[in-house]
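What follows is a group of structures, each given as structure tokens.
You will see two complexes here that share chain A, one where it goes with chain B and one where it goes with chain C.
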Partner chain A sequence: MTLSLLAELIVMPLIAFVVGLALVLMMRRVRARIERRIGPPLLQPVYDIVKLYAKRTQVSHGIMHDLAIVMLLGGITTSVCFLPVPGLEGLARQGDLLTLVYLMMVPMLGLALGVGSCANPNGSIGISRALTAMLAYDVPFVFVVIGLAVAYGTTSLPEIIAHQQSGGIATWGAAEMPLLAIAGFIAMHAMLGKEPFEIYVAPAEIATGPMAEMSGKYMGALFVMQSFQLYTIGALYVTMFLGGGENWLTFLMKLFAVVFVSVALTNVYGRYKTDKVIRFMWTWPTGIALAGLALVMMH
Partner chain B sequence: MSENAGSRNPLQLRDQPETCRTADAEERSAWQRVIGRFADNCRARSLFVLHYCTGCGAIELPPTITSRFDMERVGVSPMVTPRQADILLITGYVALKTLKRVILSYEQMQAPKYVIGFGSCTINGGMYWNSYATIKQLDQYIPTDLFIAGCMPRPEAVQEVFLELMRMIDAGKANAWRDYYRNYDHYLANQQALFGPQWHTPTDIVAEAKHYGLMGPGTTGPHTRLLDQHAEWALDRIPEDYPERGENERSER
Partner chain C sequence: MSLLDILFLGALAVALAMALLGGTRPAGVIATLSYAALLAVLALMEPLLAQSNAAIASSVKFQIIGEEIGWSMNGLGWFFALITVAAALFASWFSSGQWGAVQYDMRRQHVLLAVNVFAMLVLLSSQDLLGLFIGWELVSWASFAMMTQRGGAAARAAYRYILYALAGAMAVLAAIVIIRAHAASFNFADARMAVAALPSATKWTVVALLTAGFGVKMGLLPFHLWQAPAYSETPGASSAFLNAISARMGLYALIVTLLQVIGTDVLTNLSVQFIWLDARDIIMWLAAVTMVVATFIALMQTDARLLLTWHGIGQGGYMLLGVLIASPLGTAGGLMHVMNYGIYQAALILSVASVMHRTGTSDLDRLGGLITRMPLSYVTMLMGIIGLAGLPPMNGFVSKWMIYKSLLEGREPLLLALAFVTTLGTILSVYKLIHNIFLGQLRQEHWEIREAPLSMTVPMLLLGAICFVTGAMPGLTLQLVDRAQAAIGVPLLAHHLGGVTLATGSLNMLWVVGTMLAMMGMGAVIFYLLGGRHRAVHQYDNYAGGHFLSADLRYHFSHEFYPGLARVIGPWYRGWIVRAEASLIRLSDIIGHAWRGSFDAGITPLYVMAALVAGLLWVRSAGGLP
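Our next item is the complex of A and B:
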């Protein structure tokens, strides 16, 4: 029992990393196709990460900067272990949706601690914007989670998946609670930190904000985090609203479809201003999520 | 070097500097060589470029990046800060004021790093050859891997130079960045000739060279000693304004 659990805890992050790299590649290829380019070669995400980890010199900005990277990588690998995938449950029965929501905030808080010790003004602006964005998208997201908990009477992810898979597409979360699914999609798109909610990266404005001072291995860790992030958020959406995965094929198809829609949307928007992001997130997705919650409660 | 005089090769120069470079462990073991080969391979396929768009040549970069020529096909993509970048692309004439920023940016980049001089202006001054305000040869101030001739070079030439740089990195030959550490005194001398003996940057190149084992015969010299003097001078000034800070820094030394 413990041995198989240990094996799962090693395998799940590995799978997440590999699938995440494929998602990063898809993201860059989609962007290239929309701009009528060819895009990067198949192994580009791997080359980037190996190259960054193979840098000969590094700049550390103190112990907090180093610890931040540990916190960031720890946060994302742990959250992957709480996310059930076909055949592997990991820690999903020990934790639940709320645990996952907590864990998904850890990387961003870690980044905030690390960037704070860099003394780069672009980084500080970036991280303050990142925390503001978190405040903006977490409000609708929490309502979505409450809606789900009320509808299913549980926050356990395996049970939510089992319920959705009991009656085919008609019992998927997205079919039963379309309003919550829409609000959830917007909130989780904002979590990815892409346009139009890209306020804290903003390369042309604040020089990639939190990443401005990251070099070599630190930047490599952020590239790893990006691939995990795409996977976690996509897989969480699939779990919450698209019936999870019956098997690996359907799971990966749903996962890539969700992330595809998200990154395709990214390319047709510009960037909102910080205050516009908050105003938008606290009106539209929050309103939709509240309406969805009301509908769920009336049933 | 051992102090045992008996084992010393009599042909060896007596005053060989202690900075004489011994092969570090990673160059000796076969396993490390395999890893190094793999790393070079990946380095050649993933290049982040910091465009230092000083001159007119910058106008050729948008076509190079976007759909017509698409640099990302070969793994070259733009980056926004020197910390993240591998290539410093100097597109055109460099004024004296600009050169200071170029040097600061270059020193903030993490090795291995590469510099490409873009256009005649970086090679011999180009059409600004008799200007009082621009430098003539970029590689006198920072080590340059490759130049692109032309005023201005077409995107095809830019692509060609990226491919050539990739071949060099893959073969382990793009080592100009080591030269900056090994002959820092020479580059510093040229910089000081322009900016005066007070010239110094926030990055301590000598300390970095020591830390990463990149010292060479020309790392230190009369010009880096000026840097030390400047540091002494700055420390002497501190106690007037910040007594406590002066105390701390003195005890750290």
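Our next item is the complex of A and C:
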């Protein structure tokens, strides 16, 4: 029992890593096709990580800068372990949806601490904007999570998946609670930090913000984090609204479909201003989520 | 002589010893050891409180209007007493070395700390309404004395506090008089029966008076304005003590009166027509609004101490929410949060105090980059802010998680949403705190600064470590919470060392923390062992878009840390409560001036004479005189 669990703890992050790299590749290829380019080759994400790790210039801004990378990688892989996938439940019964939501903030905090210790105002402004964005998108997300928890009467992810799989597509979260699913999608799209909510990278304004002082493997770690992030956010959405995965084939299809919609959307938007992001997030998605919550409460 | 007598005598002995020896060099060590001894006494009391209705009586008693008033400590009081004494221990440990040596009047600080501990112990062992009131007044005046000790802004803030506290005490007294008039006894059990039989208008009056009166101490909205300035102007170690536990006395009194004397069944039966709310809902909404408002006020602060004390007010809201849900999970979460909050808040305040000790300021716009000079203070603050923000692996996460779950079980989605939003606001503001003090550019005037001495860093780090250990093993704290829960009469929450197992989603922190550590270890391997070697550079070796950075250039991004957010929510801070309070103060000033005029020497005898004549007439009319 414990041994198989330990095996799962090794396998789950590995799968997430590989799938995440594939998601990054898809994101780039989608962008390329929209811009009428061919796009990068299959192994390009791997080449990028190897290149970044092998760079000669690896600038450290103190111990906290290094530890932040450790905290960030550790935090994001921990959240992967609490996200059940077909056949692998991992630690999903030792923590629940609320735990996962908070675990997903740990890498964010790690990044923020590391960037802060770089003493670059561009980085600090980036973090200020990233945290502001978090406050913006987490408000609708909170209502979505609460709505889901009230509707299913549980916050245990395996239970939520089991409920959704009990009656085919009709019992999927998205079918039972379409309003929450819409609000949840907008909030999770904002979590990815892509256009139009890309305020904390904003290359033209703050020189890519948090990434301004990241060179070599620091940048490589951020790249890895991005692929994990695509995976976790996509998989969480699939778990919450699309019935989780009956098997790996359907799970991956759903996951890629969700992330595809998201990364395709980013290409048609520009970047909002910070206050515009907050105003948007606190009106439309929050309003939709509140309406969804009200419907759930009435049942 | 019972253990409670020993505890009281011990606390008084510390006060006496500090009055005699407080000015000497080893005073801090003596105080620390004495509080450790008091903790040992509390530990000895624990087995005696294992039964649900157990209490340890004191032999101090007196008679008043035919009733015997005495003191005895039950599990609830014991739980709060444990935090009180532990907070005093860490506060005096912190001041036992260099910090105490540079204080203006350390003897007074030691004495006042001991007096506060004594007053709180008296309050925490009250067994009837009169004892509760006596303890309450003692605590009010003791903390007033503690806040005024430095004079200036602190004294003004403390003056404001005592006005609130006195008004609150009058409200409490009025409620006690009403209950006593019907119960003909001060006893909690008699009071409970009497309250249940009251007409609903009177019940409402009692509930409102008690909530307002005790809510003042907790900083419950709209009585929240006094606390932040009063606590933050108090010197570091005392401030840590006040922040960690003092405001929680209000929570204790509310638990005793609302849950034990009035009872949740009475509260939920007091419903307001047309808005589907009952008395308990209203207090819970008050707690939730306090939580959000105080946290977002904290977000806008530019002083580290004010920022933290405003958070203290907000965190009180979580505790009250959990306790009022009154389910096993909710009360356990609320009470656990009292302890967890005490631990990380003390750590945070002490780490700010050590920064102030070295730099002389806690202004968030005048610091920065201290991580290279004060790494241990940084580590303490990091552990503290993770606890305050309620993220794993620290203890704050566990208690907040339990409160969230209990709100979910109690079907209070909107209150839960407010609790979540508060947590988000907390994350933003604590990052600003640690960023502006420890990260970013180190200012030229701080180049020579050294880490605080061990007498300060050791207690701080110990608090941070407790914060982590009780986060990884919440069962340790929950065992203590059991005692308090048994005393309130709420069924105990089944728990294990790692957390709780529920049908609706469990939490096992041993796995959460273990996995985090393992994964971070893996991250460390990937980062440190693979790839090219990294080299450390000077802070001015930075990407600056072609500019050269130098010491005279200040580029630390600290002032107005969240400009985008301020643009949206800035206009909401209109401060109508501040203005209402200001006009109230002006009104009381006007009345005060008018009154002072009437005390002029020439007129006073006239008043005395008039009062005498009126008194005689009254006695005459009552038939007392021939």
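The rule we apply is simple: the second predicted complex is superposed on the first by the 298 of 299 C-alpha atoms of A that agree within 3 Å, B and C clash if a C-alpha of one lies under 4 Å from a C-alpha of the other, contacts with A are read in each partner's own complex, and residues count from 1 in each chain.
We take it that a residue touches a chain if its C-beta (ideal position, glycine included) is under 8 Å from a C-beta of that chain, and two chains touch if they have at least 3 such contacts.
This structure is a prediction, so every number in the text was calculated from the model and none was measured.
> For the combined arrangement obtained by superposing on chain A, do chain B and chain C clash, or do they fit?
Here the two partners, once superposed via chain A, fit next to each other without clashing.
> Should A:266 be classified as contacting the first partner (chain B), the second (chain C), both, or neither?
neither
> Where does A:213 make contact in the superposed view: on chain B (first), on chain C (second), on both, or on neither?
A:213 sits against chain B and chain C alike.
> On the A-aligned overlay, A:54 touches which partner chain: chain B = first, chain C = second, or both, or neither?
Touch status of A:54: both partners.
> Looking at chain A, does chain C or chain B touch more of its residues?
Partner touching more chain A residues in the overlay: C.
> Who does A:102 touch here: chain B (first), chain C (second), both, or neither?
second
> Would you check which partner chain A:227 touches, where first means chain B only, second means chain C only, and both and neither mean what they say?
Neither partner.
> State whether A:164 touches chain B only (first), chain C only (second), both chains, or neither.
In the superposition, A:164 touches no partner, neither chain B nor chain C.
> For A:32, select first, second, both or neither according to whether it touches chain B, chain C, the two together, or no partner.
first
> Answer with first, second, both or neither: which of chain B and chain C does A:44 touch in the superposed model?
first
> Given Cα centres, how many degrees, to the nearest 10, is the angle at chain A formed with chain B and chain C?
100
> Minimum CA distance, chain B versus chain C, superposed model, integer angstrom?
Superposed model gives a least chain B-chain C C-alpha distance of 5 Å.
> Would you please give the residues of chain A that touch chain B in one complex and also touch chain C in the other complex?
54-56, 58-59, 122, 207, 212-213, 216
> Across the complex, what residues on chain A touch chain B?
28, 32, 35-41, 43-44, 46-48, 50-51, 54-59, 122, 203-204, 207-208, 211-216, 219
> What does chain B use to touch chain A in their complex?
The contact residues of chain B facing chain A are 38-39, 42-43, 45-46, 66-67, 70, 72-75, 77, 80-81, 83-84, 86, 108-112, 208, 212.
> Mind pulling up the chain A residues that touch chain C in the complex?
Contact set of chain A toward chain C: 9, 13, 52-56, 58-64, 66, 69-75, 77-78, 81-82, 91, 93-99, 102-103, 105-106, 109, 112-113, 116-122, 124-125, 127-129, 131-132, 134-135, 138-139, 142-143, 146-147, 149-150, 153-156, 159, 199, 207, 212-213, 216-218, 220-221, 273-275, 277-279, 282, 293, 297.
> Can you check the complex and tell me which residues of chain C touch chain A?
369, 371-372, 375, 378, 382, 386, 389-392, 397, 401, 404-405, 408, 411, 413, 416-417, 420-421, 424-425, 427-428, 431, 434-435, 439-442, 498, 503-508, 511-512, 515-524, 526-528, 530-537, 539, 541-545, 555-557, 561-565, 567-568
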